[in-house]
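Supplied in C-alpha cells, the structure appears directly below.
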Amino acid sequence: MSSSIEQLAKEFAPLAVKEMVQLPPALVPKPAPAPKPAAAPAAAKPAAVPADPSVVGRVIPNPPSVAPTPAPKPAVAAAPKPAPAPAAPPPPPPKPVQIWKFEDKGLHLEVTVEPANVVAAAEIMDRHGFAIDAVTGMDWPTQGLLEVIYDFLHFQTGERVAYRARIARNDPKIATISKVFPGADWHERETHDFFGINFVGHRDLSPFMLPDDATYHPLLKDFKA
Amino acid sequence: MIESIFKFFTTEPYWTLTRSILYLVGICIFVAANAAYLVWVERKGAGRFQRRPGPTESGPWGLLQPPADGIKLLAKQLMAPPGSDKILFWAAPLMVIAPPLVCLAAIPFGNNVLARDLNIGLLMVFSFGSINVMALMLGGWASRNKYAIISAARVVSQNVAYEIPMLLVVITIIMVTGTMNLQEIIVQQAGGFWNWNILRGIWDFSGGGWGHIGGNLLAPVTFLIFYICMLAETNRAPFDMAEAESELVAGAFTEYGGMGFGVFFMAEYANIVVGCALATILFLGGWQSGLGSGFGTLLTSWGVIGTVIGVGFFFAKMYFLIFSVVWIRWTFPRTQFYGLLNLSWKILIPISLFTLLLTSVLLKLPRLF
Amino acid sequence: MNIPQLIPVGDPSAETFTINLGPQHPATHGVLRVKLEMDGEFIVNAQPVPGYIHRMHEKMGENRTYAQYLPNTSRIDYLSAMTYTHAFVGAVEKAAKIEVPLRAEYIRVITSELNRISSHLVGWGAWIMDLGGFTPILYAFDDREKILDLLEAITGSRLTYCYYRFGGVCDDVDQTFIDGCKAFVPYMRERMKMYKKLVTGNIIFRKRVEGIGPISAEMCRKYGACGPVLRGSGVNYDVRKAEPYSIYNQFDFDIPVYQECDSLARYLVRMDEIEQSLRIIEQACAKIPEGPFQGKVPRILKLPVGDTCFATECGRGRLLVRITSDGKEEAYRIRLRTPCFTNLSLFEEASQGMMLADAISLMASLDLVIPDIDR
Amino acid sequence: MNLVTETFSGFLSLITGLRITIKQFFSPTITTHYPHQTLPIAKKFRGHIELKWNEETGKPNCTACNICAKACPSDCIVLDGIKPAGEKGKTVTSYKLDYTLCSLCSLCVEACPFDAIQHSNRYNLASVPNQWANMDLVQRYKDQVTRVGKTPYDPYAPAPAAAPAAEPAAPAPAPTAQP
C-alpha cells in the first residue's frame, strides 16, 4: 500500500515543527562567516545566537519531556525573534515539510518533526508500508542542537522519506522508535554511542560499537581523539 | 645362547605367543605409518580435489610432511585446561587409539597374515570398535569446554544411531556366510568378483540364477549402508559432528594440543583403516583376487608369493575405499545433526531391516521346497 | 521442512548456558562475536556483539576532504569495494552536480558488476565452508582470481581498488580489458553450471538450507534488511531498479526474487544475481562508447550546503551514503548506512529456537562482512 | 513415497558431486608455487610511490611543491627541497614516505602537476618494519639512476659545474630502496 508523496506530506504536516532554521547555517550569504562547527560550542558561539539556545533565538526550542503524547499541536515555546546579526537579506526560511526532487537530494520527502512526535511519525511510516533505512544523528554545537535523522524507504515504490527531530544538546533525549521498527534498535544504539543521545524506552543503550567502558561520544564535533 | 633363546621362542608352544607379539608390534607400526601417511594422502588428495598441489616443500612430493608434523606435535607441551578432570582428559586419547590396534589384530590381511585366527573375529572387531565413542565422549566431557561437551553429546547419539544399521547389515552377512570368522568369510568369497558378498546373491553364475540360495538380493545396498555407517562411526565428513569446525571450533578436541591431539588424529585414521579393512573383508572379498576360480585362486594360493599377492589385493581394495573416504570428505558439506539422525533412523534402519528380512526369507526358501 | 520445537523457547525453567560464537570463531568470518544463550543445541537468544574492528569511518569523513575520503570507502566492505566507492562518488557527484562522461559510466557499471560477482563468489564459497564443504571455496577463488586479474590490469590493485573518481574513473580501460570481460562471461556461465551440479543440487546442502532461517518480508521491512536477504524474502527491491543510478536503466536485466524466505532462497538469489551481472557485463561491453573517462571537476571541491543521499546496490545490499555539507572542503557529516549492519540486526529475532548448526547456516546466508557492520 | 524418491534423487546428486570433484582431481593444478614461480606484475600495479626523473638530464621531476603531501589522506609524505644555484625552480632533496600509513590510493600520483611520482611495481616488501616502512624516495631515485648508468642529479652542486665529482652530501642515507 503505497501512497503518494503529497498525501504523506499532508499526514506529516501536523507533526512537523512550526518554525525552521536552516541547518547547516552557511547559506547566509557573505557577512556573517559561517560559524565553525568544529569549534567548541561555548567558545565559538557567534553573537547571533543567544547563550542559551533552548530559550529563545533562531533555534527551535524543544521540550525536554519526550512523553510520546501524540499531541498534534506541539507547544512551540517562544516565538522566534528575527535574528539581529546578519545584515544581509536573511535566507528564506526552510519549510518543515519539504518535497524534494529525487534527482537533487536522493529523497522525496523530508520533514522536520517535533521531537515528541517521532514515534507518531514512525507509525505513519509503518502504516504506509515503509521500511526503515537508517537512524542517525547530527551535531550542531553552535546552535546547541542535536539532530536525529530517520531515513525510510519503500520497497515497492522506491520512495524515500526522511524525517528529523531536533533536540537540545545539553539534554539529548528522544523517544525510541524501536517498538515500531525493531530494526531501529541497533541504529539507535549506535547513535547513542556516537552522539550520546538518550533514546527513552530503548531496551539496551550500553556501548555497541565502542568499547564497553567508553564514556565519550566520538561523532560530537567537540570530540577530539 | 642366543640361538637357544631364538629356538625357544620360535618353537611351539611359545611360537604362538611370539607370533602374536610380533604381529602386534607390526600392527602398531602399520597403524602409525598408516595414520601418518593417510594424513599425507588426505592433504595431497584435498589439494588435488581443489586443484592445488598439496604439501610439496618437505621432501619429494611433501613425503616428509607427516614426520615433520609428528615432530612438531611431539615437541609441544602437554596441557590440560584448568579445572578439567585430568585423569579422564588424558585417558581419552589412550582409549581412542587402543581399540583400532586391537581390532587390527583380528583382521586377516592375507592368506596367512593375521595375528589371531579368531572364530568370532567379527564380533571382537565390533565390540572394540564401539569403545571409540566412549573415548570421544570422555575427551569432550573432561575438557571443561562447552563446545566439547556439545560435541560429546552429538557423538554419542550419532554413534548409537549408526551402530544399529551397521550391525543389522553385518548380521545379514553373518546369515549369508554362516560364520563370524573373518578368514572364513574371505575364503567363502573365492573365485570371481561376482562371488564377493557385494554381488553374491544378485546373480549366481554357478547356476543359482536370481536370488541365489543363501544370497542377499540387495547386497550392493547393504554394502552402501555399511559404508555410510562406517563413515559415521569414524566421524568422517559428511558426518563429522565430533569435529564440526565451523560450528564447534574443533568439537571434542578443542582443548587438546600437542600429542594429545595427535593421538586423536591418528586414531581417526586408524579407525578408517579398520573400517575400510572390514568393508573389504565383508564385501569385497578380502585378499581374494576376484579373477575367477581358476587363475585368480591360483594367484593367491601360490605359497609365500601368493600370500604377498593376496595382501596386495587386500591393500588395493582397502586403499581404494580409503581414497573414496577422502574423496567424499572433500566433496560434500557436513550434514545437519537431525539430518544425520533422520538418515539413520528413517532410512538406513528400515532398509537394513528389510534386507535382513529378505535375506532370511531367501535363506529359508530352498528348504521349503 | 519444519524443525520441531523440542524445547519451548523462553521457558524460564529451562536450564541455559552461554557460549561465545566469536570474536575468533571459524564461522564468523572475522571478528564478530555472537553471544549465544543455548538450551542444549537450541538457541534461546543470540545477541551479536559487533564493534571489534570499529574504525569510525564516519568521523574520518569529517576531517578529510571528499577526495581524501575516497580510499576509505573501499575499505568498508573490502569484498565489493567498487560499489562502495560508487556510492560515495555518486553522492558527491549528485550534490556537486558533476557530469560523468558516458564511457566512465560504462566502465563503472562493468567494474561494479565484476566486483559483485567476485563478492558473491566469496560469499558462496564461504557459505559452503561454513556448512563443512571445503572444496567449493577454492573453485570460487579460482574464478575470482580471473576477475581480480581483470580489475588489477586496469586499477592496479586487487582488493581495495579506489578506482572511481568524482566525475569518472581514475584511468581508462583498454581493449584488452573489454575483451577479457567478454571472454569471462561465457567462461563464468560454464562454471555456474558446474557449481549448480556440485552444490545447488546436492542433497546434503539442500537439507542444510531448505526451510532454514525463515525471514519474512515483513521482518525485512521492520529491520530494513536489504540485498539478497530481502529478495530471498520475495520483495522485488533492488536499488539498481528502484532508484536507478549511473546508467543501470539502460541495461536489460532481471532482479531475481524468491518467495521461500529461507536460506535456500537467499542462496538462489545470489546465484541468479551472478548470472544477471554477467548479462549486464555482456551488454555493457558490447555498447561501451569511446570518449573521455573523466569529467570536469573543480580542483577544490566544495559541496553546496545541505544533505544529499545516494544509494547503491552493493554485493550485500543497499548502501546509503548521506553527506551533509556546510559548504566546506570537508564534509560536515558522512553517514554510511551499510547493508550488513541491518542484515545482522535481524539475526537475533530470526535465530530464536534454532539449532546451532542452523544458526550458522543462517548467518552464512546473510553473507556478512564484518568491517561493513563495524565501519 | 516422497521419502523414497528423495532418497534416490539425493543419492544421484551425491554421485554427481563426486563425479565433478574427481574430474577436478585429474585436472592440472592452477596454483602458482610462489617462491619458486612468480606471476608477472600488472603494468598498472600500484606499489609504493617512487620519483620519476627526466631521462635526459637525470634530474627528478619533483619540484617539492608539496601538492602530493596535501593530497595524501594519511599524511604519509614528508618532503623538502631547495632551490639549486642557477636553477629556476626548486628541486626535491628529501622525500620521505611512511609506508605503514600509505593506503596506495594513488591520489598523490594524480595530484602531481609535474608528473614527478609514479607507482613502483615492487610488491615483496616483507621485512622488519624499520627497514622498509620509512622510505627515502630520493635515495631510491639515486639508486635507480645509478643503475641505468647515469649520475644522479645533485641539487647542492655549484651551478656551472658540469659533472658533480663525488657523492653529494645527500640527506640521511636511509636503509631502503633495494631493487
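By written order: A, B, C and D. Residues from 1 in each chain.
Note that a residue touches a chain if its C-beta (ideal position, glycine included) is under 8 Å from a C-beta of that chain, and two chains touch if they have at least 3 such contacts.
Please read all numbers here as calculations on a predicted model, not as lab measurements.
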Pair with more cross-chain C-beta pairs in contact, given B-D and B-C: B-C
Whole-Å gap separating chain B and chain D, where each centre is the average of the chain's CA atoms: 56
Between chain A and chain B, centroid-to-centroid distance (C-alpha), Å: 69
Chain A and chain D, separation of their C-alpha mean positions in angstrom: 46
Centre distance in Å when chain B and chain C are each reduced to the mean of their C-alpha atoms: 45
Chain C residues counted as touching two or more neighbouring chains: 135, 139, 142, 198-199, 202, 204
Shared-contact residues (touching 2 or more other chains) in chain A: none
Junction residues of chain D - those touching two or more other chains: 14, 17, 20-21, 24, 30
Which chain pairs touch, all of them: A-C, B-C, B-D, C-D
Residues of chain A defined as touching chain C within the complex: 22, 24-27, 34, 37-38, 102-107, 110, 129-134, 136, 138-139, 149, 151, 153, 155-156, 158, 160, 162, 181-183, 185-186, 194, 207-211, 218-219, 221, 223, 225
Interface residues, chain C side, partner chain D - complex: 64, 67-72, 75, 135, 139, 142, 149, 152-157, 160, 162, 165, 170-171, 194, 197-199, 201-204
Residues of chain D defined as touching chain C within the complex: 6, 9-11, 13-14, 16-17, 20-21, 24, 30, 42-46, 71-73, 103-107, 110, 119
Interfacial residue positions of chain C with respect to chain A in the complex: 50-51, 54, 56, 58-59, 62, 91, 94, 220-225, 230, 235-237, 242-243, 305-311, 318, 320, 322, 324-328, 332-333, 335, 337, 341-342, 345-346, 349, 374-375
Footprint of chain B on chain D - complex, ascending: 3, 7, 14, 17-18, 20-22, 24-31, 33
